[in-house]
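Order of writing sets the labels: A, B and C. Residues in every chain begin at 1.
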């Protein structure tokens, strides 16, 4: 249902290569006879020290996952990892992930890196672990967290919190009129409530149920920064995409055109929100976001986004591959970060208008370490 | 006198046939032959290309991965045989799945009752499609485009967007995910159910008058009506039976995923149509077989699984399958041009 | 209580075929009237049809020939007038009624299903099931039996170009398809067969085949109504010719009593037929 935007340029650019692959598959009788005798090529890598790892993302169009896939491919050689990349077709495609997990088991991989779609894939993950594969969740911890061996993730709550603290300090005691552009409104996923509720916690607003978006009081006082009055105008779903972000922002502006603080689930949504604000002639609103992709950092530099919490997806996949290769060669398994139930791969706030009491880096520094260049 | 010249002419034209025309004739009678050939080629190719493809455990996995779409494709085949199309397959299945899971897990209903209600709901949803197609006379594409959204929305509203783990459900609902095996070759009960669906519907479609009417209505609805075939009743029946099968697929899916999720198999409609088309069933109706559909579903999964075992990133498989669809439709068009 | 016979143009009927008219007509239509809004479709038309004869119906476009046929086959319900089949009053509300009463129609669009084989087409909507539990519980079709009987009925019509009953109809030529449609009409104990322009789309040889088939039908004792624009064909097979003009009957002639040119002249109103005594 919720497809993140497809990027045709990438598809077109790979067309020639993919045609070759299809040709290979269709005429495999002829082509592969030679390659099966050639030990370096082929699929199994049997006999080599190479370790089979499958990276399974939610989809292959979201820049975050694309960056993760590309980064992992680049680093695969370092640890002599034979990496296979797979994903669901789109957000919500549990079956696509289940299939990829089964494929990985059949291929004899040593481990799986997965951004689990939903609890729907838990049974398949269990099957993989029963078959002796080491399973690391990336980015999104599964529910329950012990479904996988360990999770490598951004602390999304902290990411939201940094945004909130920065926003509260920036408002400098002014009343906050807030729009919350979430991911979904028809299903509940942890990244959605952790960022949203983390943001409100950072603002110093009582969130009610910390795992539920939208149940907080619509008006009251925020205590972050100098403190002040706040009004929450809306919780709208953006689907984490430009068009969704724009429509969501338009719906919010229709309710209250004086919005001055916009939280967005990610940067594509922020870009959409900004377009809607501009069209409505609102140039005062501050936008905060999460992800820290290169395009997002660029938006910070241009002043479209006030601040964004940067995360490090390449690090997640790279660290994950390292861990699996190490275990496969008899090494030790990684341990969760102290105080968390997952291995924290770090988060930093990127802004060109730093405030006291909130640690941050500027957009130039952020651009050096951003993902999805 | 006319008769002798006639048969001589027939004899003459028979001798004139090129090998290609003869092939065209053979395929015309057995449209599932070309997909079967492709399946065999794919098997041989992947067998040579990777040692992990043709193993007992891999074959078990391949069948398990095919099961849900193969089941949905039975209903889709029936509808496409009547020159219709069903875009709401996945939506009906998911709605049925959420209802049976929720009735059992949250409502505390016995598994059998929940299952029956879920399947009945899917049957009713199919009947609604059929009613709109036959009584309100709307094109199937439009009807099911509408009900796709309606059923999806109801499933999301009903489930509140959250999924239900199988461990909260009675064993019966999760039963089709359980399996048995001979060594490493493992089959699930779900595969057995799919096999039964194919056997029963294969019999109905090829051995009963009802099956013959399905073809007749799909090929030429007006001629069928003039011949005394109750076209509307047949169409209504086709959509209803399809709904029933989607309900069974919902049961399968719970076992397969170990959970009921409201946004499972988001492109079930396209996947099932793909299997049907690759299996040699004509989108124009009246032509096709269930065995072809089964082969079509297997081809799609074989390519996907085989390419994955080769370590090929899965984006490429969509391209391969796209090529297959276009080739399949082109072959269908060519076969239809067959002459006496 | 059968209606009084219409007068026949007896002296123009050859001696050898006169016996046909000794029995009562199988189908009689009297004073058929049908209007469509202000347009008069039929203006009190009478018609008698005898067992074993071919009655051709000719007329210009809009003369009411299709309308007449549709009233007889149940596609239209006349406003007034009566129909009698074998001396019994009948009313047809839909084509199915006429078919059940024994009046079969071969439509111009043939109403055959191209994708199905010949046997399936012959038995479409009249399938026969296997004996015993296979048929009664599992509803299994008796494919073999239907194929054999289909072969017999096609052969009875003297059609030899069709041998394989398992052949799909779409692989047949136009004439062969026509033969299948006619065979179906003749196969199920019908009494009257109505053929709507059966030679319209056919070549010379194929037309010949269809005309032979029509004679065959007639000789098996069926009553045949033939609607056609093709005068040579009509003059070749018809026993009597009913001429429709302006919603009424301009007269009934025979190929022996009138030349083709006269027939066309009557049809177009250039000549009028002197009433026969």
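Definition applied: a residue touches a chain if its C-beta (ideal position, glycine included) is under 8 Å from a C-beta of that chain, and two chains touch if they have at least 3 such contacts.
Here the structure is a predicted model, which is why all the values come from computation and not from measurement.
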If you walk from chain to touching chain, how few steps can bring you from subunit A to subunit C? 2
Kindly work out which chain lies most centrally, taking the average of its C-alpha atoms as its position. B
When A-B is set beside B-C, which has more C-beta pairs in contact? A-B
If you average the CA atoms of subunit A and of subunit C, how many Å lie between those two points? 75
Averaged-CA centre spacing for the pair subunit B and subunit A, given as whole angstrom: 35
Distance in whole angstrom between the CA centres of subunit B and subunit C is 44
Name, in rising order, each residue of subunit A that touches subunit B in their complex. 1-2, 14, 18-19, 21-22, 25-29, 32-33, 35-36, 42-44, 46, 60, 82, 84-87, 89-95, 98-100, 102-103, 105-108, 118-124, 184, 186-188
Subunit B - residues contacting subunit C, complex: 2-7, 10, 28-29, 203, 207-210, 212-213, 215-216, 218-220, 222-224, 226-229, 286-287, 338-340
Given the complex with subunit B, which residues does subunit C contribute to the contact? 95-96, 99, 107, 109-116, 120-121, 124-127, 129, 138-141, 143, 158-161, 168, 170-173, 176, 205, 208-209, 212
Could you please specify the touching residues of subunit B with respect to subunit A in the complex? 41-42, 44-46, 48-52, 55, 57-58, 61, 64-65, 68, 152, 156, 161-163, 165-166, 177, 256-259, 261-267, 303-316, 319-320, 323
